[in-house]
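By written order: A, B, C and D. Residues from 1 in each chain.
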């Protein structure tokens, strides 16, 4: 058993309204960042979990996303990184 | 000018309690992921912005974080990735 | 005496503050539009509760950049009095008028209920009409009301008697069970070092009429009137 | 956009019309034939989509309209009855009140948080598009048993969704109900009601008029959300609903708040003639309905609609259910004024069409006509159905069962045990866990909020008046006896409103039923509506609007037929406001208006203690109900009532306990003697749910009893309160029940928090791995 740190990105699904992202994009442009075209706001979840291998940690985390961390109705997720910790 | 997609992580600062992370960790263990040791929940912000170079995009995004996206009293930020889009 | 109440997009306690001042207190109240740069010569600015700009991203984060906030900050720096309530308190922290920040309530859920508060000091322009140690009942209504700051900042607040209101239990003690949102050191309200900006998480403007919510918030407004008149 | 003769040709790339496609759109072959006859040709894909949206149950009421027509809808003070976005009544002082209830059951079953949130958003828009400023919302919720993790997830998500939306917009959620019963396991009910206030002369209707007037889309951009959400709401819930997930809409309460302010400003400005929200079936239904009401033609160019995504087809733009959008008919030449108001609120406006003289409903994509229907027949030609009706023999048998012979459990030897157990039933227990998450005091007008009275009291600023507001409906009663269930829903709502000192004025109603093409369900629908009509006539409370939600079925069966009545009452002066807890300042006499009976059928006692849904629900004598209400209001006006609470779920003993512990910080003991009814079976006396009863605390019992007798209502003093006391004591002959208040309070206040403590909102269904969940 080793400990892994798995980082997950959970983002609003393509086509789903992202009011947060809109508000932030508007605010950034007003603040003097005219180049901003679009902003999406999601969640960055870091799970520390014990597993036999990195692959096992990935499989577990994927299951966590499917069952709890992401809301498949409106969100997509991706596993961004896995590191030994 | 090119368009860049910059991903930013905004994470609750060490020491600032993260009750949401705790709740998620508890929930995961209840759901049958006993290996879960710790969870932290932050924001994953993806900014699409026009800039001359990737470096310029990074500098701009850093400024966005400092001015708006992260509150230094409670949060740290890091630029996770920059890609041409 | 003239109170100015800022309306941000998403403010929803601005009219309540207006009625508290104009009807319950009987003083003049004017609304200040967020896009405006004119404070209309007011004696006190109220930053009201609500969800300015939806509170998307972080409560108060976007509102802080509203055009009127530039004027409010300058006004406060000149010593002008600012009463920042709930979302207004969050905005004031984001704008640097007050130290600290807010995170989600420990329960992770929005909480609305009247809570007992202890008045920790009456040596302010906002609390001189209360008695020191007085326990008052004022409603809270927030999801991100948990005040946090560094230990050093908290100590500095305490040392300078700048913690103005604290959440207490039924016996008037600032215990964990009397703390509805997990705020550091049961802090419900603080004042800036110069003594002209008060942030309070509960809603005194909802406690100015015996018919709806009691009158324990009225003395806060009366304190201001007394001070400005003096 | 001038009038021209047109030909409608299929749009390149659109699917061709096949019987399978027609069926997928929910049209029967007969309905399709009717459509072809109306057009005189085959429809295009876009036209099929439009008709499918407008002729589905949610928009057309095809299975309920003939029944709804039987409801009383008039009174001198009704300014707007059914047919508009909301009903409107005059309440004096030149003020008018707009109110409406609506269901969001199916979206909430799939995504509880967003489903409930967008339900609140939709009903707010229905009210402010009448010109009224929303002052309160109510929520009527039904879930399965909290023993199920999936149900706890739905419950927590719905409550958070209702709260977050209303809290952000700044409208207090002041009353409602939450019921738990296995009948709702697969299909929760989420009904939301909104109440708004305006001056009478500010009333505006959603009726397009004025040839050449521009039609303007306002608010959020149109995305691909919820396409065909309305027809989704008209289908049974099944595993297949999972695949429909992208239809879920996401709410943006911040934009709603801006839209609210901008709409009211627009209406007051005089620049517009009509406004309607783009709710179910979006642009299609809002434009077609406004045209039909005004009996004018309209033309809409979908390329002018601001969209959120590239490549949206006319079909998608027309049927999108993106939230926080409005359709406005402006006065010609005032387009810039309209735009200026919206800009002030950081919202956009785009002219998308025009009112035309030619009697057609036409949709173009630039120059190409993609849909065209003659006149308003699109709206008026929808067929209506009167299916066969037949009572389910199994239900009749359940009703006819003699429940008086159900053997008591051994623990029931101490009725205090039964009382404590009933108080911990989630249906009866305190809902503070729910209402604490709602902003109940914003707008500083909530005189009586959740839990403090039998209904909410919200004051009307600038007047001494206030509104008494409540939703009610008992699905178990309606299941066992639909006619009686319909009557009781109205009677109980009226009684509750009277208990806070308000005269019942008018109702809105939400009818939550199963699949109406099943004769058993249609029978229930017909009988419930008949019962509602009878009660409304007897109590003088016309129906000003409502909503019908059918197909509330899942693989585990149909929900109980559940009528939810949203009652609006008028408190003539704030002095009349009455709460439900016994007063703590001085002892008072306890008077019971009405009288107990031997009835036990359909009770919470049987359901919760014996897991039994059987027996005839209590009879509802409407003349008696009216007498009780009149007597109570006359005593309140005379100033002799200190508190009032009706006896409903759980019966007299539960009602007494609730009066004792209703103000948790000032609990009040009581000593009660019910020996006058010693001959009744003890459990029926204590826990039976006989209708038409109110517990009144008074310093002048004789005056209260007199007020009742004058109206033929039995009344009797049954005991006194004891402000220093720690018990509720009930004597019946030689039986003495003693219940400790602290134990009662612990059960009552602790039940739901204890259940939910182990189950944070983020925990999603364990037994259903495919179910959705959300974080935060």
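Convention: a residue touches a chain if its C-beta (ideal position, glycine included) is under 8 Å from a C-beta of that chain, and two chains touch if they have at least 3 such contacts.
What you see is a predicted model, and the numbers here were worked out from it, not measured in a lab.
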* To do: Give the chain pair, either A-D or C-D, that is connected by more C-beta contacts.
  => C-D
* Asked: Which chain lies the greatest distance away from subunit D when centres are computed from Cα atoms alone?
  -> B
* Using the average of all C-alpha atoms in each chain as its centre, how far is it in Å between subunit A and subunit B? -> 9
* Where subunit A and subunit D are represented by their mean Cα positions, the distance between them in whole Å -> 37
* Asked: Between subunit B and subunit D, what is the gap in Å from one C-alpha centre to the other?
  -> 41
* Out of subunit C, which residues touch more than one other chain, so two or more? -> 53-54, 56-57, 61-62, 65, 108
* Where subunit B touches two or more other chains at once, by residue number -> 20, 23-24, 27, 31, 41, 43, 68-69
* subunit D residues counted as touching two or more neighbouring chains -> 252, 254-255, 760, 762-763, 775-776
* To do: Could you pull out which subunit A residues touch subunit D in their complex?
  => 10, 13, 15-19, 23, 43, 66-75
* Contact residues on subunit C for subunit A in the complex? -> 53-54, 56-57, 61-62, 65
* Interfacial residue positions of subunit D with respect to subunit A in the complex -> 110-111, 114, 220, 223-225, 245-246, 248-250, 252, 254-255, 308-309, 322-323, 762-764, 769, 772-776
* Complex contact set, residues of subunit A against subunit B -> 1, 3, 9-11, 24, 27-28, 31, 33, 35-51, 60, 63-64, 67-69, 80
* Structure fact -> Listed in rising order, the residues of subunit C that touch subunit B in the complex are 57-58, 61-62, 65, 93-94, 100-101, 103-104, 106, 108, 148-150, 182
